[in-house]
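The letters A, B and C name the chains in turn, as written, and every chain counts its residues from 1.
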């Protein structure tokens, strides 16, 4: 799986590849192009120059096929507050044209431990519950690749633990790409790490070769650069 | 810099042509009646030559209401046509932007829209002069004037929209989409206001006298040259600005 | 969850996705009644303003002459309110992004949202039109009026254009700084030809003067033409708006 692209300003000649089953953490200061990178990879926007292939599918030409196989968990819950938990999942199940959606929704609600609240409006959910339901939504169609955009932001420690547990549960057989500010969390989970600054890759390493202190040092300098 | 020279030359030549057309309209053209076309009066009478007392005397200038409203025609109509043409050009650039997502087309579309807005405002002003001279009112909700009013509002909306979007690419895309819709909407407005009975003089009928056609065509060419000149000048200014931005960024980074 | 049964998906069905979007909007609306109450209430307020406007017009003034314009004026401003709401729902929690990374064709999102907006608009119209006639046109001379279905047709053609173009513009305006204001500024000039045609069409039916049927159909043809052209354009451009 290889991706090459360079978008105007936001991303400048970014090239990297990632094998299936890996967990990539992307770090970088605000405005480094992390979100743009994620947007390109998840087909929300197109690269201005170059190409990106995700799961062997081109993000422009094979966008529809690719969308069937990716899931997205963001710091935004991406749920309708005026629908119940179950209705939200039902809606997205219909959008993904999932067969026998009822069973699948039950199964997922069980997994994220929200079965007892399935008939409640999402509006009434706490931040942690929202995030759990959001994970259930992202996993509905059993995607091969899951994008995580700052999934920990705004979570209390307890909700973080639950999220950790969920990610550990689905870790096998899925590829992850995560954007995060949280250095320790990101490093703990990942198999590969990448630092972006001003749309360029500053560092891209396998976890085995990463020295945590050195990595933190590089990260701090890039963040410092980004601020100036 | 060469572009700026071309732009200045274009504006100058265009200005000369329109002035020539304007003078010709005063001294050589015969005064035609562009009276209101009503459904009971045949078109021929509406476009016949005006009675002798309204015609310019030898080398002199006669004054009368139909006479003045006649003269402004050589300014009003070329400006109106030019504004519409430039709007279409802006829409073409908008389409090309959406196809290619290249920022230069967005800039071109924006500047064409600016130029068009200048011409629309001129059309409105001359139109108001016309209504004052021929119909003795300052403003008449006459369908075609109204359509130009709508066009002006759409163009202002275009710039309001641009100003309210932060992110550059999104701003360009939204502006392009709206620019295209505006260009589609303008001829529809023309068409619909034509169907609804109107009292705007219908000009450019085959009955137009050749002595009037010459200044009209000259004026039209002149206006288009001025329009293109403004466009080129603004484009070169915009390019300079971009270069300054890039240099600034390079210096800071 | 690794041991869970494999999830099977059927072939992507646009119709199924369209129904899902429509049903979701209707369920949400039935639950919150946000759009319908705000639009309905707003329309009622407009009627009050009309009463104030007409209160000094005197006995001889024939409201029928301007009734069509008043009616459409109420709808155009009411629809602005609803359109804005309908897209704010999608934008609020980033739900639109969730839709965009799902395997759904962009035009289906457009039609789903536009049809939903059309339905809500028609519901509000069905409630306001009889009220309007009862309040302003129920005098004795109002008996001479064209058939109701003609007015309904004019309302339908007008609403289709409003919902179609409005959905596109609202999708843009929710991403701008001054949401409601921007929508109005973009929307009303674009609606100009359609409004002209439907107001003329509605007006001739209300006044029912001799030969009005011909004018009516002429106006309806214009409105239908506008709808076709503008919906095609909106349909083609929607993908770009969503992608930005």
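The definition used in the following text is that a contact is a pair of C-beta atoms (placed from the backbone, for glycine too) under 8 Å apart; a residue touches a chain by one contact, two chains touch by 3 or more.
As the structure is a computational prediction, the values presented were derived from the model and not from experiment.
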- Message: Quick check on this structure: which chain has its C-alpha centroid closest to the centroid of all protein C-alpha atoms?
- Response: C
- Query: Centre-to-centre on C-alpha atoms, which chain is most distant from subunit C?
  - Reply: A
- Hey, how far is the Cα centre of subunit B from the one of subunit C, in Å? 33
- Message: Please tell me the distance, in whole Å, between the geometric centres of subunit A and subunit B computed from their C-alpha atoms.
- Response: 52
- Message: From the mean C-alpha coordinate of subunit A to that of subunit C, what's the distance rounded to whole Å?
- Response: 37
- Residue numbers in subunit C touching two or more further chains are 243
- Note on the structure: Each of the following residues of subunit A touches two or more other chains, namely 46
- In the complex, go through subunit C and note every residue touching subunit B. 165, 168-169, 172, 175-178, 182, 185-186, 188-190, 192-193, 196-197, 200, 218, 222, 225-226, 229-230, 233-234, 237, 240-241, 243-244
- Write out the stretch or stretches of subunit B touching subunit C in their complex. 98, 150, 153-154, 156-157, 160-161, 164-166, 169-170, 173-174, 176-178, 180-182, 184-185, 188-189, 191-193, 195-196
- Item | Residues on subunit A engaged by subunit C in the complex (per definition of touch) | 42-46, 64-65, 67-68, 70, 72, 74, 76-83, 87, 91-92, 94-100, 104, 107, 111, 121, 137, 139-142, 169-170, 172-173
- Message: Help me check something: in the complex, which residues belonging to subunit C touch subunit A?
- Response: 1-2, 4-13, 16-17, 19-21, 23-24, 27-28, 31-32, 89, 92-95, 97-105, 243
